[in-house]
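Going in written order, the chains are labelled A, B, C and D, and every chain counts its residues from 1.
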Amino acid sequence: MNERLDAFHEECGVFAVWGHADAARLAYLGLHALQHRGQEGAGIVASDGERLSGHRGVGLVTDVFDEQALARLPGQAAIGHNRYSTAGGADPRNVQPFLAQSSRGGLAVAHNGNLVNAGALREHLESQGAIFQATSDTEIVLHLVARSTQRTLVNRLVDALGQVRGAYSLLVLAPDRLIAVRDPHGFRPMVLGRLGSAHVIASETCAFDLIEAEPVREVQPGEMLIVDADGLVSFRPLPRERTPRPCVFEHVYFSRPDSVVFGHEVYAARRAMGARLADEQPADCDVVVPVPDSGVPAAMGYAERLGRPFHLGLIRSHYVGRTFIQPSQAHRDLGVRLKLNPVRGVIEGRRVAVIDDSLVRGTTCRKIVRLLRRAGAAEVHVRIAAPPTTGPCYYGVDTPSREELLAATRDHTEIAMFLEADSVGYLSLAGMHDALHGGRESFCDACFSGEYPVRPTDARRPPQLPLFRDR
Amino acid sequence: MNERLDAFHEECGVFAVWGHADAARLAYLGLHALQHRGQEGAGIVASDGERLSGHRGVGLVTDVFDEQALARLPGQAAIGHNRYSTAGGADPRNVQPFLAQSSRGGLAVAHNGNLVNAGALREHLESQGAIFQATSDTEIVLHLVARSTQRTLVNRLVDALGQVRGAYSLLVLAPDRLIAVRDPHGFRPMVLGRLGSAHVIASETCAFDLIEAEPVREVQPGEMLIVDADGLVSFRPLPRERTPRPCVFEHVYFSRPDSVVFGHEVYAARRAMGARLADEQPADCDVVVPVPDSGVPAAMGYAERLGRPFHLGLIRSHYVGRTFIQPSQAHRDLGVRLKLNPVRGVIEGRRVAVIDDSLVRGTTCRKIVRLLRRAGAAEVHVRIAAPPTTGPCYYGVDTPSREELLAATRDHTEIAMFLEADSVGYLSLAGMHDALHGGRESFCDACFSGEYPVRPTDARRPPQLPLFRDR
Amino acid sequence: MNERLDAFHEECGVFAVWGHADAARLAYLGLHALQHRGQEGAGIVASDGERLSGHRGVGLVTDVFDEQALARLPGQAAIGHNRYSTAGGADPRNVQPFLAQSSRGGLAVAHNGNLVNAGALREHLESQGAIFQATSDTEIVLHLVARSTQRTLVNRLVDALGQVRGAYSLLVLAPDRLIAVRDPHGFRPMVLGRLGSAHVIASETCAFDLIEAEPVREVQPGEMLIVDADGLVSFRPLPRERTPRPCVFEHVYFSRPDSVVFGHEVYAARRAMGARLADEQPADCDVVVPVPDSGVPAAMGYAERLGRPFHLGLIRSHYVGRTFIQPSQAHRDLGVRLKLNPVRGVIEGRRVAVIDDSLVRGTTCRKIVRLLRRAGAAEVHVRIAAPPTTGPCYYGVDTPSREELLAATRDHTEIAMFLEADSVGYLSLAGMHDALHGGRESFCDACFSGEYPVRPTDARRPPQLPLFRDR
Amino acid sequence: MNERLDAFHEECGVFAVWGHADAARLAYLGLHALQHRGQEGAGIVASDGERLSGHRGVGLVTDVFDEQALARLPGQAAIGHNRYSTAGGADPRNVQPFLAQSSRGGLAVAHNGNLVNAGALREHLESQGAIFQATSDTEIVLHLVARSTQRTLVNRLVDALGQVRGAYSLLVLAPDRLIAVRDPHGFRPMVLGRLGSAHVIASETCAFDLIEAEPVREVQPGEMLIVDADGLVSFRPLPRERTPRPCVFEHVYFSRPDSVVFGHEVYAARRAMGARLADEQPADCDVVVPVPDSGVPAAMGYAERLGRPFHLGLIRSHYVGRTFIQPSQAHRDLGVRLKLNPVRGVIEGRRVAVIDDSLVRGTTCRKIVRLLRRAGAAEVHVRIAAPPTTGPCYYGVDTPSREELLAATRDHTEIAMFLEADSVGYLSLAGMHDALHGGRESFCDACFSGEYPVRPTDARRPPQLPLFRDR
């Protein structure tokens, strides 16, 4: 999925640390390692035991934070959040962690995932006089906590989470405690680690690698971890699901290849899916070329299993940023050429199998096919190391509506025509699960299978925010 | 009062326009004319009839807004706000107008004044689960409106205002109407004007001058104006006070001299207070010198009545900004010298009467006395064109606590010693009211007299905000 | 002259210090005090005895410098420069001091004034292969020094200055010495002072006041001061002029009223000119109103001599900056209203004498007359505390060409008509000199008299720069 | 060479276009494609036929330019330049193109390469009064042109180039013509292309790919191309060298793999060098892992020839920028971990051959070895797809001094010890040339062989600039 699509649902990265003198800085590093999970904005809230202090902003972690900002975040505990880019540009009000001053003290919340009953909850809260600042689901949780009649923060949080349905890997920081909780299905990843005597929590293990923390284990679906001066306690206040349903798309595309996610190494998973793809959809080709970077491991597995040469026939630029000036119309497909340039010597006169991790809208893939043909490819065979994406995600991955999904309404022939490719081949659903050494019940594969573990009660768009652009 | 003091209470400027194609731009100009009422931050919310859009930021009006920002504020109605600088630097969350998306549609609020029961209201709202984003009283009004069970916006607003006590000159903008309301005592100023067929409302008339609008009248204490497609309606939903109590300090210091405030021209009021001061506290001096700029009219009145030469013996720099780099300790009193420089030829060998509009902490005044002595003054007599400031303000003027008020605990001899002056003289309370052609009941003079029209129920400091510095 | 006009010639401020541990910071303060002499850009070059380091930028001194910038300017000597705003916006290449690395070591130059043979010198230098970076005359001096065959820096500088004609108050900093030189006519001001054991040099004494330095004396016309480890030496290497010709416009408008310039206090000079104006051009008025701020001392002198009330009938805004967004055409004369607002109570129904320091184009003055009439003035009599400006300045004051000068081609009746005033009156040339206690030969009054002490050989415009906008 | 080293010599990228309505925008795109050749600063100068206009700045191309900047660069011709990062941070004065206004009209110069007699030329020019603004060699060429007594620009340029020795791929833009010239040895690359009727020139062909221009041929060593209204003319005014000596390091590291440089495709060259390395220095390993990205093609060639599995065992972050906040000392080797993270499943328990393109200082390589060991590598064998780097480059590649070159004073055993590797192996000089299908005389390989085609006459450091940091 080399197309980043504008949509409402949010994929994000979260990070927490408790018990380290340099907590905010570790959060900064952790968020940097998780930058691929969200580039719209970043924020950190730290606690010095009595008071929360925070800093948030629009942009990459390195844009948002400088030494001065970190210096204003004292304390031994911190939570951080990377926010995904969504439609309509960056709204600073949606940057997390959210922070509220209630009568029971300051509270900060960072959230990865998507609630399927957000609209109904929001409507109900507003009818009771709740004032919302942003469109994020996270704020709903904050309001539910604030309105709970329970006495302790933990009970209020359990009360609040009892009312929400959907996907959440949630971090809550109060001055004197840190709480991490993962929804009963475990849609989104969250792992626990240790750095000396400090506890760390992150969306992916690659955040631990950067700070040289040791991974301990996944936070379990439905588990709530409470960390305070007395140490770490785990309990299971949420109703159990028979089978957890971690998101298979984390392995297909979202997570970094150097992370271990849901207990499996992503790099190996992608190679295995590529190899299985070769079994199922061999291409009669002279060369196997990945769409970099996310398609590389699958392409290596594909080439190896097929016994055809693997080549980096598309070179990715390191300098693609958001602020690029759009040139005049005359420059066709400039967007993809800014990112990728073919190596003519590899492509010219060859039958090329081009491997991508997944295919969503197909518009970028078509540009890549054209790019390869202009570089002289004799044939172009598209191979996708995942099943056809046929449904949107309601649990936090940013996907377009069903109508925009290339495979939702087309068969393979039509898809090949759309892509202007000589052929197209997808990994089968069973093949994907085999490659991941799991059965159908091990993962949520709703975007591929249409089987949604939790029915969305309100798939409609969120209420429009008043357009407020703070400087 | 040439000392700007860090404190909680806020003096601010507000502006509104209804029915002009260039509403946001007029608001921009109006806020620019009211810049002296608040330099911490500025914001405008505009309505295009269906939707509100806003832009806010920290800094001066000209810093916060550019063409692009104004272009994003379409519509024929707008409200704007200038916020006063307070302790701890600029917190972007406190910049107004506040804006909320509730189930009944967007709502924006801009407020000048201070509620005396803010703490209790806030505590009660928080206990019911309300989440506050900032420390401003304005947010309390917004929550009260959101929670009201009344059906119409106007009724909800009346319901909300029925629960608050204190000072407010308030502007409320909904997509289809503008509401302006002034508290029953009329502590803070607010005037109504016309610009062609458009209605304009502002803290002071100087905002009308800039946009060439005609002043119509004061918004009356306790009056609520509702402007919508059907025109302007006035009604009086709030309990009446026997005598309004507009803030006398607006005439002493806060308002611009070219404004007409509470029906009187500020420039003339200040000259009259200076003349009366000459009657009450003549100084045996060779030259009368004002502390510019706010002391100039009073000094002119003083010199004229006394028959002594008036001289601009202290020159004020036009380039004093906030970002000045603090030099090393060796430079004594640099702060005041950056702002003021004596004209030696005027001062040297002379007995100088130096006139200021008011005296709060006295520390800046002492530096001015020293500056004049170093320039060769033979004697320095301090004359203050207002009574001794002996109590804090609870109605929206930014004053220090009682302990920090120079005159709260000292007699004239002690004050002169503190100021290192040869003598000190204040205008009497009666003299001030005489000069303003009003009786004691015409104004709130609590900071001078200690008689507070509305007792503050919670004078304590506001709840500490979590320190959140958004970029 | 409340009109700032776009033109080539530059008025500027210069400052130097030798022998103080905090040299760059003193230069920063000195430039801040001289900010009125130039707002386009500022720069400082410091020497640590072996190496020069510099920092320059577009904008006010406080915009250009921060702590970090000052920290990078080590050493006990520094020179600084404020640059005047000229046509076409700020060109960063013209910001001074200019700095060159030649085979004889680094050299920095800061210059106030204008060379009348700049065009010819530039042409000659270019024909010999000199490469110019900017349009400033200062760079010409730098090239002449670099090309001189003399052995010592001082001799090379004398050699260079022997080739230039016109106005210069020049500062030169080498790693091991500071040189200050004023042209033989002494057109532009420059004063010497002491701060403990350190030597300081500035355009005006107000820069000394801020840093608490003591004024010592003027740098004499034609004098060169050399300061190095051995102390300060004065010599007179330049041909003597029979009579120096310091610029009378410094007293009329340019200098700060709290400065002592050419041996006289500016504030007193302006009051005296105002008094003399009352003798020569009395107005039958009810009230005397200055155009603030530069017209205030003259208006006070005028009112006092005439025995009519002096009032601040026009209030000046403190918040006028350069970045103001221009509103639509409907707002007539907005520019002047942003700066000045009449006090209606002072103006309405009165015969007003409005006093300004000088009159150049007259367009702003006409707007002020209109402003006063709209505020209800019964009559408006314009009185100018200087003679009619009839010729451009070639020695460093920024004036428009002769055609644009209101008084160059009009008699008093025509001028009054242009200004829409009931009458207009100027101070006579003799009256001005009398008020300044000097004869015609004491000053350069070319802009009023048309008698130019040094004939400009090339009054034409400078060569167009390639348009280079560095970020 | 994954270590970027601070040094004086500059590698850069240049781009030119003549005859296209959108010249500045094409230059912008071209520089973007050449961004890997220099990240310190970028600039473009355009000609509208009569006048040059330019824009330069510190940072990446996308940082320096926005729509507004491009809009100010009108005309059908433009040249652009990317500048390499060098010691001491970005000095805005060194950002190219250089631009001068001489008596013969504006002239802009952009330059890639290094002159070996720069010091002597500079000294001579300074002794004649030339004033230098920056340290770049380019400015020397500009002065030589300005001082030439020849009549035409082309002759003056030939005159100037007759005095310089060393490496230059130079672009010169006058209002009415574009000149491109490559030094007689052809050290640095430069290619000619066509885009419709427009001529384009660039350092590498990848710049043509982005704008969809067709490569035509290399600009020949010693060739001068002159493009004007009459079309393109080639001539050979410079003394011929018997054998050109294009820089072999362009193939080893500097150029992009998708470029064709000196007639050969870089990607293929690197794979071939990797394969030859496998022949010469086989490692007894379980897995072959590249140092991404520059080591990837060589590693693929190595793994294929050796018949061992190729794995992306080190994942490179996409978000490494310059502004990263340095954490406390406790984080060992954080710098390299920010860029690279091992895939533990690939590394753990394996004997790893890690392949890099070249080795300069070795400090980064040692950190990578440690990273692999911490990820569980059983053995780590370093293989370098180039010969040992034993000498600095004097022709424009940024290398450290000889003392800092790891291989200059150490044998293989010592190098392996330094790197903490189990073994180290380099490609032989002959092997490199074989892989590139060239003899020793086809390339300059001085950094590997010590045989310098042009002796540097002044290898010493450049004159220290006065430290001038313009804002």
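Throughout what follows, contacts are C-beta pairs under 8 Å (C-beta built on N, C-alpha and C of every residue); 3 or more make two chains touch, one makes a residue touch a chain.
Computed from a predicted model, the values in this text were never measured in an experiment.
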item: Both-way neighbours, i.e. chains that touch subunit D and touch subunit C; value: none
item: Geometric centre distance via CA averages, subunit C-subunit A, whole Å; value: 61
item: Averaged-CA centre spacing for the pair subunit D and subunit A, given as whole angstrom; value: 37
item: Touch-based graph of the chains, sorted into line, ring, star, complete or other; value: ring
item: Residue numbers on subunit B that touch subunit A, as the complex places them; value: 45, 51-59, 64, 69, 72, 92, 95, 99-103, 106, 108, 123, 126-133, 142-143, 146-148, 463-471
item: List of subunit C residues in touch with subunit B within their complex; value: 22, 25, 28-29, 32-33, 35-36, 60-63, 65-67, 70, 206, 209-212, 256-258, 260, 265, 267-268, 293, 296-297, 300, 304, 309-312, 315, 317-319, 321, 323-325, 327-328, 330-332, 334, 337-338, 341-346
